[in-house]
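One chain, subunit A, appears in both complexes that follow, with subunit B as partner in the first and subunit C in the second.
Right after this comes the complex of A and B.
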């Protein structure tokens, strides 16, 4: 049975199994990747005409005030999703961690449920919740804080970004919470007991025992949510009805790319924006992984 | 002071009373506090869903009049199925009349196909990376890792040009084929399959199974939780995908739910009631799937991150 023919067959198999991946990658990843590099050095006017323009697409993008606005909006959004959303997710996970399995599953299900709804749906729903005077959110704010009934969340340039951050908070808090919950499950309970007996208070236990134990998960979540934040597009797109808010207050890097490539038809500039975005994402996620000191693949 | 403030003060008051009455066992008060916070947060998370259900059945003219439902005395006047009736009316288009059923079928077909295709090719690739030693394996894995660093939008413009050039524009091929083999999925399946004992595969070989039938009949049943989790992620992504159909599909009769529903609330339209009724229907399939695959999903999703 184990003749040469059979051995060759077994040897050939992994390549056969990987063939679909290799073919698809060559056609839909490598080839577009190379053409994205070339495209970013070209000017395109419509589908047929194209001319080599060197780095001028990059120069245009980097000096465009709209792009700067997009970068600053994106960075502010990313900062909030890391320093507001993730601590909240962690807090929720810690509240849930000691609960009984059934209760835990119940709350986990509820808090995760917004993720079942697509960003487009969430965006439009929240655009109605944020309506001045009548919107559910405005009414709730009025009841709770006696403030904000007439706020034009999506019409006032200084409120657009907070509105997007609030919407994203509703959507993603539960998603990250699941990761933190899984991480907390792996914390050694006897270690916490020992720290308690030695007289550590709750804060010290959290800082010296829990946090180091969930560091790999935390790194993974921070890197993933930074990458996600930098690619934000559909949520503000739906929230602002396909526009980018008053005085570009809801313009993000990918929205800028979309409007350049598909609204203005300038694929070359779109490709250049894409490469600038890639470099930013790579630089930031490598820095984060370096800082946390746990260089592990997120898989 | 309004009702909300009084309610919150009562909750806080109960905590103070519990804490003061049971000084030796303060953990009871804290357990109470924990559940109060959790229930309040859960209510805030659920509020938009409750609002969505209420709004879908409200008459379009009273959409903004009430926070949730109108008072019971007005129910017969202000609650009706107008939004749903409007939704299921035929729409004129370049290809003749299109009914809402068509979009539901399109979405189901597209999400179903994408899920099956991605699951098959990703698990096949993942199996080969998990259980075979072959030349070039290291290179392929490194290449896959590197390719995950590149955000999808970079390729949006060139892939669009490619799709136009090879004539896949306005077909579902354009949405299914480019992502048919997900790198993320291959890593996920590899992770799950690496732990399967080699003896099992050897036993299969001795019994005369082909390599493909070992993969299909021996390995795949063992990684069912991971398969469930992955399918749910892919289905959700495809079901809710807006940008893909928006860019690649022009014919009205081939569009999917997110794109069509978004047409009701564009810059020139504001049929929010119809949109909300449609959204309510659009949430049902992923919700059913999620309830069925919940356990697999949560363990599958988090196992990757925890193992590191």
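Right after this comes the complex of A and C.
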């Protein structure tokens, strides 16, 4: 009898441990998830007014020129994040990896420090740096290139996205560098030495030894950067003072979601944008992981 | 006796019980009962002014009023979200124009604010206040907020430099006169580097705030009194072409000075000589550029055609009472106490330079006091003279979207002008405006709640006719 009771007690135990997690997941994840799906098929106006509109929200979003603009801005930003920000981060990480121990810590802190301040703070500061004629960035460009004193970085549609990319570059290069640095420090030194003894030059060592060794880190950074780029919101929002730039040049997918849900008060369309964004991020992340895995198999 | 799940879960449980109990106790001891009225404002200067006035109201009515200040953007979004979620909201709020429109997306019964129309009419306030100011707080003929101000716009200029240049302000009657004088005497490259060092006006190329201001003065607007979209009207096209000419190309008369420190540097350096200044901004100048005391002056806006309006408007605050307010009569009393208090008008003007919409208050001595900053001009009198001419603006749920879309055309038109000049500009702007208006109409037509309201309204009308 005692044995049977003990067995039932043992059987129950794991569920007891899992119960808090399951409860929290149901309350804070599953319920909102299901609500968001239902919401995306509705139009709302206040707590009492909800109307089922079928796929109308999705149809509207997918044909809305503003959404297309938001997607195009987001994709351009993501491309620059991956092809400009990440190589720079890797380059800095490699420089620091070869630096002497005493200076390494200092430069690591300096390069990483922009990330210690929030995106809003960075946005506000850069909005002042980009002011025509008096902005420090404009003055710097004028002194350096004899160009750009009167540039309206945040007022000219063709300059808004570059301004956001420059700001993000300053903020995130150091952050990604830390990941790469951690990856580089775990590369087996004996492999590098062996390659050098075999006559490999610096580029060959990098391409054939270092890069394959840090590939898991690189894949992680690429996936995280892509997800981060698709979720970009606070930085352009602060930089453009709560607006989306002239001709929506600073409109990103999450900004579009925000403007639909909280400015236009259309929570249903906002939820639909959220789901479209989720699917996009999932597809891109899976593709990136798959490509990275295929390369591994091919080697 | 041992805890059956081990030591770690035991201590986690103990910690959870202690923190939970502590939270409950703290809440019990710290949470005060809700005051009779909770009133939220966004303007720091309004907050300061009301802080002084409210104790007297509390004493005379034997009630407790809690005053809070929140930045206007979070105030709007939080209030909107709270109304949507049916959670606790303040009893009274001051809302900034044009954010009221966001609350008017559905049928009138769902606006979330008390319909003040009958109360306003009962007090004859619709006649005693500047009529045009009710338009920004109204939807489908019903008024949902009491206007705090009129905000007539004037031009503030560097009197010292203008006099040096021998410009006679009284001759700047129309905008054509203004542009002519700007070309002849103001826009100049003073150091010979090929870049002008002095411009006539501060105007951003994207038209933020200033384009709608000028459009209103010219008689155009985004919506008409019935809520119909009029963003693609002929006046908008004309206005846009004028604005593009003044902000783009080598013949432009304006410089986008931005805001904050760079703006005041440009003003102090004499880079820009004229600025659009509604009453509230005239005080901001005094406070943020004190070095220009005695060097500035104000003038009415030049007109678009002889006999036209000499002013426009920029900004506005209104006081609304939420539907959830339990003591609506008390809230209305407080609204009247704060907005119709003659002593406060004088204090408010001294503190903010803001003209009240109540016409009978304009004769108060406070408005006749010469202002040293503006070279001894009677600032109150000047704005009060302009106030009755303030054009009405009709703000609907889609106002922000329309403003954004119109200014997108302004930017695209500007880029076109820089590439091709005037050739085809009008047709280009007209077509772009038409397309944007079509887009906005498509968005407006998606609104099932407004469609339902229209059907209900038409049924009522048909019933009445029968």
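We adopt the following convention: the second predicted complex is superposed on the first by the 272 of 299 C-alpha atoms of A that agree within 3 Å, B and C clash if a C-alpha of one lies under 4 Å from a C-alpha of the other, contacts with A are read in each partner's own complex, and residues count from 1 in each chain.
Here is the rule we use: a residue touches a chain if its C-beta (ideal position, glycine included) is under 8 Å from a C-beta of that chain, and two chains touch if they have at least 3 such contacts.
These numbers come from a predicted model, not from an experiment.
Asker: After the overlay on subunit A, what do you see for subunit B versus subunit C, clash or fit?
Answerer: On the superposed model, which is not a single observed complex, subunit B and subunit C clash.
Asker: Of the partners subunit B and subunit C, which touch A:262 in the superposed model: first, second, both, neither?
Answerer: So A:262 meets both subunit B and subunit C here.
Asker: Between subunit B (first) and subunit C (second), which does A:131 come into contact with in this model arrangement: first, second, both, or neither?
Answerer: The answer is both, since A:131 touches subunit B and subunit C.
Asker: Have a look at where A:54 lands relative to subunit B and subunit C in the superposition and call it first, second, both or neither.
Answerer: neither
Asker: Compare subunit B and subunit C by how many residues of subunit A each one touches, and report the one with more.
Answerer: Greater contact footprint in residues on subunit A: B.
Asker: Output check: A:13 vs subunit B and subunit C. Expected answer is one of first, second, both, neither. What do you get?
Answerer: In the superposition, A:13 contacts both subunit B and subunit C.
Asker: Just subunit B (first), just subunit C (second), both, or neither: which does A:212 touch?
Answerer: Neither partner.
Asker: With the two structures laid over each other on chain A, which partner does A:152 touch: subunit B (first), subunit C (second), both, or neither?
Answerer: Once the two structures are laid over each other on A, A:152 reaches subunit C alone.
Asker: Name the contact category of A:242: first (subunit B only), second (subunit C only), both, or neither.
Answerer: both
Asker: Shared contact residues on subunit A, subunit B side and subunit C side combined as an intersection?
Answerer: Touching subunit B in the first complex and subunit C in the second, residues 9, 13, 17, 47, 128, 131, 134-135, 242-243, 262, 267 of subunit A appear in both lists.
Asker: Which of the residues in subunit C end up touching subunit A in this complex?
Answerer: Touch list, subunit C to subunit A: 4-5, 9, 73, 77, 80-81, 83-86, 102-103, 105-107, 110, 112, 195, 204-206, 208, 256, 258, 260-262, 265-266, 271, 397-398, 400-401, 404, 407-408, 411-412, 415, 439, 443, 446-449.
Asker: Okay, in this complex, where on subunit A does subunit B touch?
Answerer: Interface residues on the subunit A side: 1, 9-11, 13-15, 17-18, 20-22, 24-25, 27-29, 31-33, 35-36, 39, 47, 92, 95-96, 99, 105, 107-111, 113-121, 124-129, 131, 134-136, 139-140, 143-144, 170, 173-174, 178-179, 181-183, 185-186, 216-217, 220-221, 227, 230-231, 233-234, 238, 241-243, 254, 257-258, 261-262, 267, 270-271, 274-275, 277-278, 281-282, 285, 294, 296-299.
Asker: For subunit B, which residues are in contact with subunit A within the complex?
Answerer: These residues of subunit B touch subunit A: 2-5, 34, 37-38, 41-42, 44-49, 51-52, 55, 63-65, 67, 121, 124-125, 127-129, 132, 134, 137, 140, 145, 147, 149-162, 164, 177-181, 186-188, 191, 205-206, 211, 215, 236, 239-243, 247, 258, 261-262, 265-267, 272, 275-276, 279, 282-283, 286-287, 290, 294, 298, 301-306, 308.
Asker: Quick check: in the complex, which residue numbers of subunit A touch subunit C?
Answerer: 9, 13, 16-17, 43-49, 51, 53, 56, 60, 65, 128, 131-135, 149-150, 152, 155-157, 242-244, 246-248, 262-267
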